Amino acid sequence: MRTFEDYQKQLAKMKPNIYIGGEKVGRTDERFQGGARIIKETYDRAQDPRYEDLCTATSHLTGEKINRFTHVHRSIDDLLKKQEMTRVLCHLCGGCIQRCMGIDAINALDVVTYEIDRATGSDYHARFEKYLRYFQENDLVASCAQTDVKGDRLRRPHEQVDPDMYLRIVENRSDGIVVRGAKNCITNTAYADEIIAIPTRFMTDKDSDYAVAFAVPSDWDGVKILARPANPHRRKHLNAPIAEIGDVESFIIFDDAFVPNDRVFLNGKLDPRQTPFAGFLALLFANYHRHSYTGCKPATSEVIASAAALAAEYNGIEREPHVKEKISHIIGLAELCYAAGQMSAYRAECSPSGTYIPDEILTNAARKLAGEEIYNEYKIMADLAGGLSASLPFEDEFFAKETAELANKYIKRNPKISSENIHRCFRGIENLVSSDITSVMQVAGLHGGGSPQMETITMMSRYDLEPLKGVAKYLFGIEKEPPRYKRANVTPRQMLQKFAKFTPKRVNPDL
Amino acid sequence: MRTFEDYQKQLAKMKPNIYIGGEKVGRTDERFQGGARIIKETYDRAQDPRYEDLCTATSHLTGEKINRFTHVHRSIDDLLKKQEMTRVLCHLCGGCIQRCMGIDAINALDVVTYEIDRATGSDYHARFEKYLRYFQENDLVASCAQTDVKGDRLRRPHEQVDPDMYLRIVENRSDGIVVRGAKNCITNTAYADEIIAIPTRFMTDKDSDYAVAFAVPSDWDGVKILARPANPHRRKHLNAPIAEIGDVESFIIFDDAFVPNDRVFLNGKLDPRQTPFAGFLALLFANYHRHSYTGCKPATSEVIASAAALAAEYNGIEREPHVKEKISHIIGLAELCYAAGQMSAYRAECSPSGTYIPDEILTNAARKLAGEEIYNEYKIMADLAGGLSASLPFEDEFFAKETAELANKYIKRNPKISSENIHRCFRGIENLVSSDITSVMQVAGLHGGGSPQMETITMMSRYDLEPLKGVAKYLFGIEKEPPRYKRANVTPRQMLQKFAKFTPKRVNPDL
Amino acid sequence: MRTFEDYQKQLAKMKPNIYIGGEKVGRTDERFQGGARIIKETYDRAQDPRYEDLCTATSHLTGEKINRFTHVHRSIDDLLKKQEMTRVLCHLCGGCIQRCMGIDAINALDVVTYEIDRATGSDYHARFEKYLRYFQENDLVASCAQTDVKGDRLRRPHEQVDPDMYLRIVENRSDGIVVRGAKNCITNTAYADEIIAIPTRFMTDKDSDYAVAFAVPSDWDGVKILARPANPHRRKHLNAPIAEIGDVESFIIFDDAFVPNDRVFLNGKLDPRQTPFAGFLALLFANYHRHSYTGCKPATSEVIASAAALAAEYNGIEREPHVKEKISHIIGLAELCYAAGQMSAYRAECSPSGTYIPDEILTNAARKLAGEEIYNEYKIMADLAGGLSASLPFEDEFFAKETAELANKYIKRNPKISSENIHRCFRGIENLVSSDITSVMQVAGLHGGGSPQMETITMMSRYDLEPLKGVAKYLFGIEKEPPRYKRANVTPRQMLQKFAKFTPKRVNPDL
Amino acid sequence: MRTFEDYQKQLAKMKPNIYIGGEKVGRTDERFQGGARIIKETYDRAQDPRYEDLCTATSHLTGEKINRFTHVHRSIDDLLKKQEMTRVLCHLCGGCIQRCMGIDAINALDVVTYEIDRATGSDYHARFEKYLRYFQENDLVASCAQTDVKGDRLRRPHEQVDPDMYLRIVENRSDGIVVRGAKNCITNTAYADEIIAIPTRFMTDKDSDYAVAFAVPSDWDGVKILARPANPHRRKHLNAPIAEIGDVESFIIFDDAFVPNDRVFLNGKLDPRQTPFAGFLALLFANYHRHSYTGCKPATSEVIASAAALAAEYNGIEREPHVKEKISHIIGLAELCYAAGQMSAYRAECSPSGTYIPDEILTNAARKLAGEEIYNEYKIMADLAGGLSASLPFEDEFFAKETAELANKYIKRNPKISSENIHRCFRGIENLVSSDITSVMQVAGLHGGGSPQMETITMMSRYDLEPLKGVAKYLFGIEKEPPRYKRANVTPRQMLQKFAKFTPKRVNPDL
């Protein structure tokens, strides 16, 4: 396993292909350090005895101890540990841990490449396992590039006026493929080792050129990254973890980039029988990613509830019934969302590749509820913290000669709490509520991993309404037989069967 | 195990002590048959091979096969099966299965009588086990009488102007106790074999007389039951399960009733050291009951979603996006609530009596969300079914000579569905939406087992906010140490420790 | 003006053509008396000096004093008075006053018949004014039959498999028309003098046969009424207005009924140029009706808030913050909805016929909000009243020898309030929350006058989004000119211009 | 009337007493120019013939034409025009117009100083009118400093450990007063001519020292301003109004500042009979300010709806039903809120000073609804605009040589819209959604002018629940008399009567 220092050294060696404000910059640019600071938790905690059990795993390929973020889930326990690790690390950085994209992408690829081989006789799974071994051994950070720019939203890829609105293979060569297109709204690319590109939707027969998945180093030739950093306001005097983090969103352009064969994991242009697997891969990544959200969303809610509860204590109102009601609302949501993620692990199915797939109805139902509530949670935090969360004077005023004494005098509330701690509390809330990164957290809380609308669609495409209607038909006397009494959703098992010819194994047949 | 016929014969023998409309009536009164019809499912399905595994269990006292509704949970699997049984049987009667009160009361008493003995050296647990053996062998239906009439809501029991506003022991005799008071909003008493009375709240030292729990046959001397039946509109022509059910709510008066010692399970008047166990018993019953709600509330939501989906199909609008969004909303809630109940079983703790207690935070969070949404679910059903759900002509009009042909002609919608089935669909929805029993379902959906306000209070009294605030304190630099990374709620283990001197065993130490 | 007694005598003379439970019954049937009791308020209050100013008006046709429910709005003040009358009378009967359908229908017909004449050279307005004079002189109650049974919801009238799914003209005769079809979900028909039938939607050229409006006495040949009464539980001992009211919903079948020419107000089959006026009439009635809802919905909300506040007082919890928050929520909605109705009157336009049309955006926005909140209001009432609202023992138990003393003892709460008044309070709430009529109030609160979905569609078809987008275009630098600063909705003026060739007069040009 | 240039020249002359980042800066600091840009609209539009009627008024003191922002409302029309001006100018700067604080403060002082004189025989009204004349003639911008820092929220001013937690008079001198304390969360002070300080709450007899109101120039001796600017990201290439604006929130410290008598308008330390007027002034300012919110909140909602609708068009999804539903939700709220403000003007009462006071129930109900919905509106905007609203690459990337072509190619959506306009649209939305000023808009939308909780309290303290309960008492048979049929709120008339001995005149006695 790498250390954070190794990771940083590696980043420093990469070719500059990132653009900010009209300039091409390297990976050591100051504006990326907040993001790297978050990744640091994933390296440091894997070496920290208190977190080691959560943050490391044993590779099923090599038997070596690896960072859990490079692991493929081979059991229910793996899914539970991944979820818990996500929650715990998000607590430590006040929100998104950013490295889940990699683990979610490799899990989806592990399942799908196996299926492609069984359906078409190819050897993509071996290719992928070779790549995975490299990924694990080098303890890499990956960015998963899924969301295409999409052009006209109501047209399919091949119907667009400009055919490049979805990432596509423009040429098949003997040694690899040439790809063109752009992915946007991608987190962490500016400080990731690798970019793993996967499709964003189902592809029809006419969209075969768009059925493509591959991995490249993030400074690869032909890859251009337009980066948008967002940071909380930095501190001079009162250092705190919440002020050190950051986010960088990327608009990644593949400008006729060449990808060698051993890094290509789906190619509908070469073999159209692979085309339907584009949608399967898209949904499977989404499922793993939404399962990760059952770890990070509760943590985000808890960070918000925690800050709100602390502000309420410092404001002296923590015993007011409306305060309790509001905080309990957030906590209840966090608990339900986390429990849904745990149950989706208990109900997981084992794919033929041996990798476990969590229950899709639950991952979607949980992500949907969390997404619908994120703005309300910010509202509650601002409500309980008060107007100061957006109007707190800058940090210097609390330290400068002419103003320090007055500023510290007048920020005082609960007499038992020092001015410095009250200041720290509202400075921290200001970081959460009132800076560039706030918007990223809000919008990502709504859209990241798919917006509530997408989860509704996914949930309802998996959920079989006919047996549900059977309940009413029986009760209303339209059908005589009682409804069958198991929930009737389409399981990963059945979803897989659409694409290949075998059946994953039910882990807990009774759930 | 009894059959439904045995149960009915037994009811027929009971003394009349039920009052409706100014008259004293027996248990065979027509107005109670809808309720008994629901209880029928609990007897019939225990004998039905398709449901036997769910609906029966093995007594830990006798090793005999018993109806699961008389069973005490000795494992996680018992909790999971009880939850699933509840959901499945609720599907079969379109809502509340009504017999959960008994199982929830005996589980709470099993845990608490054991604790009382350990704290005070008494032998209540043996008493209770003797009663439980009788209860299991005779396969009894119990009504749990918890909610006192409460008088002035802001005063404690001993502060009331009339001291009888909470059920109390007015006399301790050598052979038993004399009790006075009333319990209201109690389901199923009119066709239950037994009434199990337990406290409704915590009791202070001054409230010792009110710390009382016991069981009596429901036709016991000194017990008067004011019953309020509520039924859907009955049918003449188109029979259907949904039209056969019913509910009876009771206002139970204990008019100086004598209870012999072997049926007394808590007596703070005799031994004030028992007084604090009143609150523990109240909360523990609530916890088991809210766990039962994680079975019945998803089922109720699914009945509603099922009816709404069927109406949408028959109205020809099932593919409209707003219809899918509304139905998916209900389904998502049902899934989250059910998953929370399952996880609360996985996180159960084993009490010293050997009986399992589900996680309280989750049972409360799930019940709270379900309670908050029940009116919204009715709104969605009425929305998708349309105005006819409250304005459908009576059944006869569809069969009487002068009107049948016209009524059946004009109710036609989706041309593929027969008039009769369309009629059945809207008649069924009318039963759900537009009759006396509707209000009971709505109000019970909100208040039954405790209103959302109560769940907020319970949840927040279990949830330890200080470690949660630790997250913000760490992030804001107020504390240097990272927060401890387990959820920090007060477990049943810790709750028990308040009352007795030992520790339940964690079943899954990692959850 | 008639008295209530005159009205009743008139009803008694009508031919029986109403079917309940397979029998044909007359207008004096006991089951209709609850509805008639509501209509009584509209007669009695017109004679009551305290309400006379609100409940009477001066006919613009005859200069005579008439009941306001037969009046056509000739000024802003008329609209304001109608709204206030509606609110006040709804307070007196605990909900829907039921006679608004007539006034809303005659206002819409007054405007539209005038327009038809101007567009086609016909003389329908004179016909209508003759009818209106008769209507006013005889102080008639009208039921407006708008909602067709509609068959397959996704097909237009002429596309249905059975062409009778929308009311249509099957034959034009020299002396009148023959109509066939059915209208459902119609309030008050069983005790109305007249049925006024109008279209339910826009009609295309191919739907000309369905562009029809007319009035007939409600016992007319060929008219069959399938009636569904819904009443609160009646009282024996504690009489109260809330227990006396009732509702009857009708499914009205026009079984080849003949309508003489002087009662026909729209006939697309005779003159296809009239066809587009079907949609105009449908929307205009909806607009007047939604304006009436800005009177009755605040009243309904206030009845609910009033009952909830009284229960809170009697329960002793009225000073609890959550109680205030919940009641203030309902009150705030009522106030906003009422104010919107008042402003829609202030912004009214005067149609060429001289009749005033309230602002459509506001009537729709207000009705939409009210409809979305109705279930939530019931939830709040049940929340604050508690479980007793659905489980109160029957009235007799509080008076019968064996139970009266105990029942009255145990219902006691706030010691300052007598048992009788506490009983009255919960008996009243039980009438509101737990009886057949509850469902009608809930479903009508959602769907009556058009569901929130319909108001969204209407609102957005009137609201011109392009000028709104102009705000963003200006702010974003896409357009240099500032947006025009008046709200840019399509006014009745513009709506009228689609159908005829002139312009209504703006009453308040600045609003 | 001044021009914007005059205003700026005046600012440039002021003494530096503003602190940012540890430095003392002057009013011409670059970071204040976004705020001044907003104030510019209030000067420019007063000179613009298209807006002149709205933005100017005639002084009741001098008969001169003045900027409406310095005017005291002498009629219903004045209130309506102020509301409309607010809405229109907010459209032009994409949110808060910031100058309303001044007009709201002078209106409240005009009413209250008159009342103080009548109650105590003082001459404060003449003092105030002299100040008002100066204010109007110099066309001044005022910041209203109301919100005290408040220390421990559960203690009254005199109970605080540090007595300076609320602004207080520390010394009465013959020529004036010396004040000490701090006000926070104050908008616009950094570019305002004047600070008008008023109390934040009711004051008891023991809080007389805290009953103080006065005006001083914002660079007055002893006044220190800790300023926090928040701006959208500025542009280099695509200029647009939305990118030019800004906000500055201030923490204002009165460090033993001397205020001469002719600028003191309330002094409870000098004459304790004035103390109760502190609360009256606080509430009256809040009422005027909430009435201003009925202009700015609809405008803010419309800006959001406008941007969301434009993004939906450019994304090609504007005809999707869920898009229409979401946009109509915002529009409906805006319309209801605006109509409530208009009706509160129509229902205004004329205070004895001749100044009009809008209806308090409506201003509070409208502000409450708007405050509760602001986060939901941002959610809808982010929902319809998509993830790009928080991840759009920086502006330079669309113009720099290496990236411009690619960036403009891949941002393309609706093929009919140029890349530049699509870029402008998302750049504008990014300004709204993703920058420092976003948080200020969100938090101000919730808390500005009082949070929903405050409006609930104010509304319920004005609304007389007893007559409302009369509705239920009548319906339930507890009282025989029908309820009185006017809404029973405490009017400004009655509120005034608490403080002084006369009655304002009802303007529209029937509303």
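Every chain is named by a letter (A, B, C and D) in the order it is written, and numbering of its residues begins at 1.
Here, a contact is a pair of C-beta atoms (placed from the backbone, for glycine too) under 8 Å apart; a residue touches a chain by one contact, two chains touch by 3 or more.
The shown structure was predicted, so the numbers you read here are calculated from the model rather than taken from an experiment.
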item	value
Chains touching both chain C and chain D	A, B
Homomeric contact chain A-chain B: same or different residue positions, threshold half	same
When chain A is superposed on chain D by its C-alpha atoms, the rotation angle in degrees, nearest 5	180
Interchain centroid distance [CA atoms averaged], chain A/chain B, Å	39
Separation of mean Cα positions, chain C and chain A [Å, integer]	51
Chain D residues counted as touching two or more neighbouring chains	322, 325
Residues of chain A that touch chain B when the two form their complex	51, 80, 87-88, 91-92, 94, 238-242, 302-303, 305-307, 309-310, 313, 324-325, 327-328, 331-333, 335-337, 339-340, 342-344, 346, 361-362, 364-366, 368-369, 421, 424-425, 427-428, 456-457, 459-460, 463, 465, 468-478, 482-483, 485, 487, 510-511
Chain A-facing residues of chain D, complex	19-24, 147, 149-155, 161-162, 164-165, 181-182, 184-186, 224, 226-228, 230, 249-251, 253, 255, 315-317, 322, 374-376, 378-379, 382-383, 386-394, 396-397, 399-400, 402-403, 406-407, 409-415, 433-436, 438-440, 442-444, 446-448, 451, 453
Of all residues in chain B, those that touch chain D in their complex	320-322, 325
